[in-house]
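Next come two complexes built around chain A: one with chain B, the other with chain C.
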Partner chain A sequence: MSLITIEKKVLEANNSIADENRSKFKEKGIFSINLISSPGSGKTSLVEQTIIHLKDKMKIAVITGDIQTNLDAERIDKFGVPVVQIITNGGCHLDASLVRNAYKEIENEDIELLIIENVGNLVCPSEYDLGENHKICVMSVTEGDDKPLKYPLIFHHSEAFVINKIDLIPYLKCSLDEMRNNAVKVNPKLKVFSTSCYSCEGMDEWTKWLFHQCRM
Partner chain B sequence: MHEVSIASEIIEIVRQNLPDGFDNKVKSVKLDLGEFTNIVPEALKFGFEVLTEGTELDGAQLIMNILPLKIECQICENVSLTEPGYFFCVKCGTDKVNIISGKEMKVVEIEIYD
Partner chain C sequence: MSLITIEKKVLEANNSIADENRSKFKEKGIFSINLISSPGSGKTSLVEQTIIHLKDKMKIAVITGDIQTNLDAERIDKFGVPVVQIITNGGCHLDASLVRNAYKEIENEDIELLIIENVGNLVCPSEYDLGENHKICVMSVTEGDDKPLKYPLIFHHSEAFVINKIDLIPYLKCSLDEMRNNAVKVNPKLKVFSTSCYSCEGMDEWTKWLFHQCRM
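Showing the complex of A and B:
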């Protein structure tokens, strides 16, 4: 019997591809975000609104991940921005090599902001670096204000938190302040936005912040 | 859910570190696993067993060393155990703390039959 010492991070292979992505994006002047939420919190809706608000100011492209279908890519395509659909066939998260391959399809495009919409899942994607500048966590008010404490890891890793569907607040027992406070407890540096993709409330603040992040 | 992909990364790392021409079995794989990761140990173990069936890792024991979430205060250097959402020093109250353990996910060593 013999012992072999290894001391290697489990996700080292993914992380080194993520680093390659990151330096490629940097070289090309691309700022990228990785949108993470449970299914249906409004990631694609937020992408649509973000495109509407920013497309005259900057060149945007989208990579969107789903377990099945290219429905999300079809939605984005209507806005006339380059979009690539990743179908994971059951995979519960995007990884850096999926993003590397998807980016190859749009590498000749002139891109300033690359939005990566992860597979709808609040747990698994938080562990995987894709090479993005910022992870952005999205949660809708219908999910309940205690959820940041129940799913802390993604809040810990995120730069910003978008609380979506605030137009529904009058019908719910969800407190916006409570949701915000719980998220900030997990990550005091978190920048918090509240938005509605229906009424467009809060969209200016979110897109202005994003625009400045890209130009920093 | 992603424990199966994590298990396959672990198996890949083990294979890369086996001696050239190794044709025996792996006895155990030792892992450092922080509490502040989204990994369910039982699910990881299950994924590992399924993926190693019929390979040189078949029957290898996955030993998981679970590391608690620990923070160190940047001001008074006090070290304490904590939970996500409670990132402040229990001694002086500041939130200027660093996580010093709990986020690990590392293959530490393997034991093989010669």
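Showing the complex of A and C:
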């Protein structure tokens, strides 16, 4: 029982810092997204392709969370955008306080789009508001078309769902329609994109939508 | 601070029930494994193939955990082995108490190998002892060869690592050697298998090792 109480307090404290982050981002004219997925769905590749498609149109920065290593920040650093690596040392999700501290490292930068790449975990990050405008769920087609039904929370909370690695469809039993339909069953308002970071299929549609969201 | 204390108490309480589970399984002559992976690495397919390969040699039962749905239990039920579905309703891992309760449903069965399929999450289940003999980490090649470095805890705790979906290697930038090497860097004692549940490559080696572990 006491655990439940404390857990609530943790979430309340997190939400309060998330609101501060949101106010600060708004004041600075920053639109922010929180990318959530399992490990290996291609979040970092999606961030790379998003930067390639949008960097001439708007100023982008990235905060990337990992349990260990700064491999993701090294990959993103090559694109010449401000990037902060958060290493959680075992922590299974980012929280608003970690994002607040990470943002301090880049608060003097001129940023229009802040991409927050969460720890690879389809479950726990769903519950933590970071102060972002939109949560975006990413899933690789290799994960199977039944997964939106099995991990519904993140689909409830997301504004958009990026189905990634669609170049692998010919080699899988996964149905893209079934994956999309299962996601929309959970959240009928979900905007669904299908992308490949290898062939770049679907990348224009995703980045145009994202650009439009930032400028709305 | 208080959260840390309570979290420790939660883990201590869990470990105490895990020890009870372990004693009970030993008394009943049951060898048990706890399969841990991200969503969509192919855990359920691996369970199916393991049953196909071993069911004539030994009596198998399955406890399968999911956040929502009983799709996995329905799949396994077709193989005619006792199966219990745990639905965690949002919970990000199985704990020893859930396994104790699930086992009560099948305690009158004659079981030699109990396969516990955890919730799809590469992070949180790593910390929870269920009373199993071995934790087994499963990862699909589509998740990328850097992942053992980024999610080291489960590799530390596992006896074996099953690299699954190797039939997809020709279509990926993933190196099997690199994935194996990264895992062994984290845990040099790790036994590594490479499998495909489509082509059945590697399945003999994995199931022979598992059979031998049960009979040791």
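Keep this in mind: the second predicted complex is superposed on the first by the 206 of 216 C-alpha atoms of A that agree within 3 Å, B and C clash if a C-alpha of one lies under 4 Å from a C-alpha of the other, contacts with A are read in each partner's own complex, and residues count from 1 in each chain.
The rule is simple: a residue touches a chain if its C-beta (ideal position, glycine included) is under 8 Å from a C-beta of that chain, and two chains touch if they have at least 3 such contacts.
Because the structure is a prediction, the values reported are computed rather than measured.
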Output check: A:196 vs chain B and chain C. Expected answer is one of first, second, both, neither. What do you get?
neither
Under the stated touch criterion, which partner chain does A:207 make contact with: chain B (first), chain C (second), both, or neither?
neither
Which holds for A:92: it touches chain B only (first), chain C only (second), both, or neither?
both
On the A-aligned overlay, A:8 touches which partner chain: chain B = first, chain C = second, or both, or neither?
first
Given the touch rule stated above, what does A:123 touch, chain B (first), chain C (second), both, or neither?
both
After the superposition on A, what does A:140 contact: first (chain B), second (chain C), both or neither?
second
On the A-aligned overlay, A:34 touches which partner chain: chain B = first, chain C = second, or both, or neither?
neither
Touch test for A:149: chain B only (first), chain C only (second), both, or neither?
both
When the two structures are overlaid on chain A, which partner does A:165 contact: first (chain B), second (chain C), both, or neither?
second
Chain A positions touched by chain B in one structure and by chain C in the second:
2-3, 6, 10, 92, 121, 123-124, 149, 152-153
Which residues of chain A touch chain B once you look at their complex with the stated criterion?
1-14, 91-93, 95, 121, 123-124, 126-128, 148-149, 152-153, 156, 182, 185-186, 188
Interfacial residue positions of chain B with respect to chain A in the complex:
1-2, 5-6, 9-10, 12-14, 17-19, 27, 31, 36-39, 84-87, 95, 105-114
Hey, which residues of chain C end up touching chain A in the complex?
2-3, 6, 10, 38-40, 66-69, 71, 90, 92, 119-124, 139-140, 142-144, 146-147, 149-153, 165, 167-168, 171-172
